[in-house]
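Below is the structure I would like to discuss, written out as structure tokens.
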Amino acid sequence: MYCNQPPEKPGNKKELLEKITNMARANSLWVTAYGTGCGSIELRPLGTSRFDMERFGIAMRPTPRQADVLIISGYLATKTLKRVIRVYEQIQDPKYIIALGSCTINGGMYFDSYNTLNVLDKYLPVDVYVMGCMPRPEAIIDGFSLLMQKIKDGRAHGWKHYKENLDYYRENQKKIITDWDLPDYNW
Amino acid sequence: MIDKVKNGFEIRFPLYKLVREQHNYLHVKVDMVSAMDAIVMAKTSLGHNVLQLISTVDRIEDGVFQITWILENYGACTVLLISADFPRENCLVPSLSQIWPAASAFEREIFEMYGISFPGNPREGEDFLLESWKDTPPMRRDFETEEYAMRVFGERQPREHIDPRQYVGDIVGEWNTPMGRKRKEEK
Amino acid sequence: MFANFSSIALTILGALTWGLLLGGISRSVTARIHGRMGPRVTQNFIDLWKLFRKTSSIHHGGMFWMAPMFRITGAICVLIMVPLVVGQNITYNMSFAGDVFLLIYIMFFGCLGMALGAGNSGHPYAVIAVSRGLAQMSSYELSFSIAVVAIAVGLHTFKIEGIVAAQQAGITSWNIFRFPFASAGALLAFLPMQMAYPFGIVLAPQEIPIGPPTEYSSRMLSFMFSGRALFGVAKLILFVSLLFGGASSWLGLFVKTFLLYMYPVVVSSVFPRFRTEQSIRFLWFIPTTLALVDLVRVML
Amino acid sequence: MGVNPATDPKKTTHLFFGPQHPGVTGNMSVEMWFDGDQITKAITHVGYLHRGFEKLMEKRLWIQNFPLVCRICVPEPDINEECYAMAIEELTGIEVPERAKWIRTLVLELARLAVNLMAFGGQGGTLGLGTAAMWGITFRDFVLDLFEELTGARIYHIYIQPGGVRRDLPQGFGGRVEKVLEKIEKRLPELDRLVLNNAIFKLRTQNVGVVKPEWIEEYGLVGPVARGSGSVRDVRKDAPYEIYSKLEFDVVTESGNDIFARVMVRRREMDLSISLIRQILSKMPQGPVATKLPNLTEWRVPAGEVYSRVESSRGEYGYYVVSDGSLKPRRVHVRGPSYVHAVPLLERMLVGANIADVSNIMVSLTTCPPEIER
Amino acid sequence: MKFTDVISPFLAWSRAAKKVDTIPYPNQQNPGADRYRGFHINDTSKCIGCGRCETICENKAIDMVKVEGVDPAKGDSGLRPVVDYGRCCWCALCIDVCSTGSLAFTNSYSWVTENPDTCRYTPGVDQKPWDNQEKGFRQNNDVLGWAGSPREQMEIETPEKRIENFDEVVKGYTIDQAMEEAARCIQCGLCISACPAHMHIPDYLKAIAEGRFVDAVKLFYDNNPLPEMCGKVCTRQCETVCAMGYQGESIAIRWLKRFACEQFESLADVLALDAQPGEPNGKKVAVVGAGPSGLSAAYYLSRKGYEVHVYDRLEKGGGVSWYAIPEYRLPADGISKQMEVFEQAGVIFNYGKDVTKELLTDLENRFDAVYLAVGLQKPSDARIEGEDISEVKPAFDFLMNAPDKGQKLTGKKVIVIGGGNVAMDAARTCVRLGADVVLSYRRRIEDMPADDEEIHEAMEETIDFRPKTIPIRIERTESGIRYLYHEAKMVDNPKGGRPLPKPKDDVEHAVDADILFSAIGQTSDIEFIPESMQKGMKLKWGRIIVNESQYTGYKNFFAGGDITPGEGDAITAIADGLRAVQGIIDRLR
């Protein structure tokens, strides 16, 4: 039913309304509470009193259905990738991915590991990369600022790209996840 | 304290090999047939009744897996390591999961990582760290992790790399000497 | 009739704004005890707008869609049946139409509809949360009902208008002083009603993320949030009317509802959650007993 | 064919708890079957963070493994460095200068303090007491500031190395440590009042998540989990490393067996750490902080096998290091305390528990998935 | 349940009235700590491109690449590190091992991007916002010693003992010491660019470190047929560019070469099949002069199958380097050990042949090619008044027949003029013969061309150094001679270059002595070359100018060693020989 239909192509919205909406989107980024890697240790100071990301309207949501942002906090093991794809596809549009750390860019420390993937954007569309291992909370805030800027400018189109190039992403994903047992579309 | 343990081994397993000895630390090596007896003896009569770790070393050049059981005596705070070599082909090692419930997890991991089977472990074969792994068990020495990673995961950009030693040699003409050309070919 | 409709619309809109604003303020206040700066006060509006304008939204059939509607309907019914400000007829809306039992029924109906819808999402966490929530609701509704009955019997009127009118003789005539035990019971029941800790077993992110709304997203969630805001304000107004003498002016209304809203916030920030059976045991014994004391007193 | 009553689909609900779940400590999951509210069977699933550390270590030089090992345990990286460095020192016979030993102990205790603060606050957080989690993690951040100043990084310090530490203490560091300790000491009572003197917190933790004393030896439990059940085992006391034999302290132990006892152990460990840090700062000797190492890229560690142990905030932490005399280790096996805590023990403890207590129990064991999976 | 347990949590609300803990980050910047491991910077002018950072990086995050604007030079590979932040883990191992300390971390920590392909950059070359950051993680080699370490110290005879005899001063490494010293090598290969003969230094150091001494010797013989000599008296330009020398002490490449050779009684046996004459190709080459240059040309030509005849006026092979260097630096035993290799390689020696015009004409006719490597024969004039006194002698002549080779020293008080290795050798030889020695040099001690070690050892051996002395004249006195000089001050050279010594005042200082050796260099003497040949060659200041393959321009004549302009040391001479071999092979093809 809802999870077996091909995704609908995003249409154009009215300019002004879209602008206001983008402002709202930028100032209300809800993050899926999924610590995929070691970077999530720096999300705790970020979420708590010391750096307090709620100042920017960023909040943790326990369920992907209600979130806008997925933070890939560092390396992804192949076993996690499967869950992350599931989580990402459960997030409702528009949705964004922030990737933390070297591991997401080119493998980082684990470039030669048999169980972690090296180039994240082959499998999921990434909007913002934050350099560091681990990035400090301040750097993550800067990452969010860049994402906000992108949303306000209407450039944060990773999710559209994912839908339009679903076949490409699926092919790459299935190359790694040999026992693919997810539905073909699950949003 | 450790002397008592050592005496125990001298009496029961006169052929044991002493690897390392300290005031609260003893590492002995026995043959594969008496390994189980040694562990049971350590647990029942030598006071080393806590299993800390089961570890494996792939000694591929000797064609054996060296299994090491690390047992502790909580009262005296001494460590006893018992090692034994098992042939690498169709490796079967007796399971301790009936004696220590914690052993089951260690044995599941070793089965996954080395392909060593522990007959008697009821949960053997359940996915532990890996998911649907089809290649050589990854911790074996003959599994090349970097090659695997590059083949399966790839990298962002190919490495553009110049070895300074070769480069300097080439530009100054290190190999242009009468005998040098031959040497370079050898290299 | 037209004036009535527009005043109803204004009431709903105002209640929504006030509810969201209260939510924002409570987030800021909670942030203070955490030792942090906290979000903007308007954050809830931004969130709501964003959710409303998300481009995709999954649903799990008609019941699923109905759930927030049930709640919004319940909230609106309560809002229009309770007089907002005493003496200003325009705020009376339809208060002539109901008595407190109808109100209690409508409140229960809203939650029940919510439970039905959320249960229909098929997510095990939502199902667990619904079962927890209904179990808890049955216990706090009991104490709340007994308290209301005690007050109503004591004041010899079941009309909310009458209850409000009976409290207009100065601060000592407020029901909270006239029926202290029933009020205490009702106020304790107010905590689970607002899903405040230690009774927040329904929305327990660390246990059953995040309970009934697990599967709700985008527009559905924005309805859910507005429903919650409306319902929150409705409950506040109901409690103000029942226990705190209603509001004799707009300022009084805002102050009273604000203070009442802060009460669960204060408790919530310093207590962890009960387990389900602990919560129910607590609600069955303490508030119910308290309310019963007053009921018995009134009856005798 | 008989149906296992624990997983009978007619009687039980099948539920996955994690890995995308705010109540799980890190990236792991528990598969559960429960009957009503009671869990009848639980299976821990790990491997979401498996990076193949042990394989990678075999492919890297001895010194190159230091950036790797610290990533095995994210909240408390220093114990890994310490344990690995101790193993190498044992194999090579490299002497550690006296001052370096003191600095190492200082670092280890600061890290223990930091991780206990987080775990203490986190225990409240998992029950919905967000304030406690906020405070605990904020206090931890004060300690991280010290680490940043000392080692140059907040999380992965890569500070301890064979034969000493990488840098001397900065000027006036001791004073700043003292300042932070005072700040934390001043605010800890607030946290105590919020968490330990909280009726509902007690209700939720007392007599919940019981670890029976006889399980300690059966499963090989260590650290606060064992000490909360009356054990007095602490590697710092039993097999002192670095300069623990020169410090005065008593092993913290509680006999409640339940979550509250473990929380109390952690709380008292914080006091212990603070007192140890004060002792270290007052007695810190002068001198060099590192022994010169040979050319790092040509460094061969003599062949041998050694099992080294340190006491982490979660209990005994062991490294089984095998060298074949080459440039790279032959085998490094990391034995993290979470291994038995999160897999066999958790599976056992969850049976009969209430679904509401799953993350409560998990956090009280402070399971750290990266050290299980490596 | 206690009642206080219900009340006490509410006390937490007191926190709400207090100051918040939040750092309002983007509004208030929060700089990293002084030691923060932020982003890389590299001082490209200091960087030598040794690639140490690349080797130590466990993530393969650092690659050495060619960079525009940085050219390879002696001691600088011209490569610079590129850092891939898709790999980096900020462990700072690269910082701590950087041999020059040019690589560092700043305390910036914030870099966000949309484009992951921009994460690779060359610090110091690509402009980045943090390039001018002052603070950050810096190398501290005093603590770690990873970027440079002290040398393995070998045993050196005490000055008191060593002036009593002609035994070697430096004892040489033990096997363990040598292996540890060789293991300090970081295999960067910069030394190859500095060594005139481009020896395979990293390879043989690795061989020594791994205990493969035979391989090491074989590697020596690839580019240098006189390794033992070079192992003792080489000017070791390799060590001056050694990457380990920037923060520590350079690797004792020379001593290790010596060590490897000394491990074997006979080098000929070690080389065995590697030092055999090549397949004869029927061509004949004459080599004039059996010095380092001539010998290396002869060796490789022979190995390539040429029939090689070596002519020398002395009775033994080895040339001046051998004859003139005293025993305590280079014992004579080594000569025959190395000469065996040449004989095994099929080189034919003709000793005692004075190099004359007739000989050259004869060789021109009989051989396909001739290699002239006759070196410098004539001592320079000191150009001091009174230098024709018979007690004033060239130090070079004295050393050629020095007492260890049979000559006696007449007199007890000796003056040596000069600051080169010859001066040091003469002075130290005289000390060993029981004389009091005064050494006079025009410039400062740091300007002396001699090896630092030589100067240092000479100073230990009670030699009276008188730097900054300008000779005036030498007078004969009743008992001997008197040497008069001005004290000098250094003034800047208007043409640039080294400062010039000028007399400080008019005071004449005097030293009495029995004998004076002047060691101010040798000049060439090309009178032995027939005029017809001289016309075909290009000459300048008595030296033969050759092209890059040592070809003189006259028929099949090649020249090398000191007779051609150059550094004037043994290893350059050997390098000349190597080039000549290539030139001859190409020309005779």
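Here the chain labels run A, B, C, D and E in written order, and each chain numbers its own residues starting at 1.
The rule is short, and it goes like this: a contact is a pair of C-beta atoms (placed from the backbone, for glycine too) under 8 Å apart; a residue touches a chain by one contact, two chains touch by 3 or more.
Quantities reported herein were computed from a predicted structural model and do not represent experimental measurements.
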What's the overlap between the neighbours of subunit B and those of subunit E?
A, D
Between subunit B and subunit C, which partner chains are common?
A, D, E
Whose C-alpha centre lies nearest the centre of all protein C-alpha atoms?
D
Based on mean C-alpha positions, I'd like to know which chain lies farthest from subunit E.
C
Averaging C-alpha coordinates per chain, one finds the centres of subunit C and subunit D separated by a number of Å equal to 44
CA centre of subunit A versus CA centre of subunit D: separation in Å?
30
How many angstrom lie between the CA centroids of subunit B and subunit D, rounded to a whole number?
24
List the centre-to-centre spacing of subunit A and subunit B in whole Å, with centres computed as mean CA coordinates.
38
Which subunit C residues reach two or more other chains?
33-37, 205, 209, 269-271
If a residue has to touch 2 or more other chains to count, which residues of subunit B qualify?
129-131, 138, 143, 145-146, 156-157
Which positions in subunit E touch two or more other chains at once?
9, 12, 15, 20-22, 24, 32, 58, 60, 86, 89-90, 116, 187
Determine which chains touch and list them pairwise.
A-B, A-C, A-D, A-E, B-D, B-E, C-D, C-E, D-E
Interface with subunit C, subunit A side, in the complex: residues 2-3, 7-8, 10, 20-21, 24-25, 27-28, 30, 33, 48-50, 52, 54-55, 57, 59, 61-63, 65-66, 68, 92-94, 187
Residues of subunit E touching subunit D in their complex?
1-2, 4-6, 8-9, 11-12, 14-15, 21, 32-37, 55-56, 58, 89-93, 96-97, 105, 137, 140, 143-146, 149, 180, 183-187, 209
Taking the touch rule as given, give the residues of subunit E at its contact with subunit A in the complex, in rising order.
20-26, 30, 32, 39, 58-61, 84-90, 109-114, 116, 119
Over in the complex, which subunit D residues touch subunit C? Could you list them?
13, 15, 21-23, 37, 124-131, 134-135, 138, 194, 198, 200-201, 203-204, 354-359
In the complex, subunit B touches subunit D at residues 19-20, 24-25, 27, 49-53, 55-58, 68, 70, 72, 74, 77, 79, 81, 83, 100-102, 104-106, 127-131, 138-139, 141, 143, 145-146
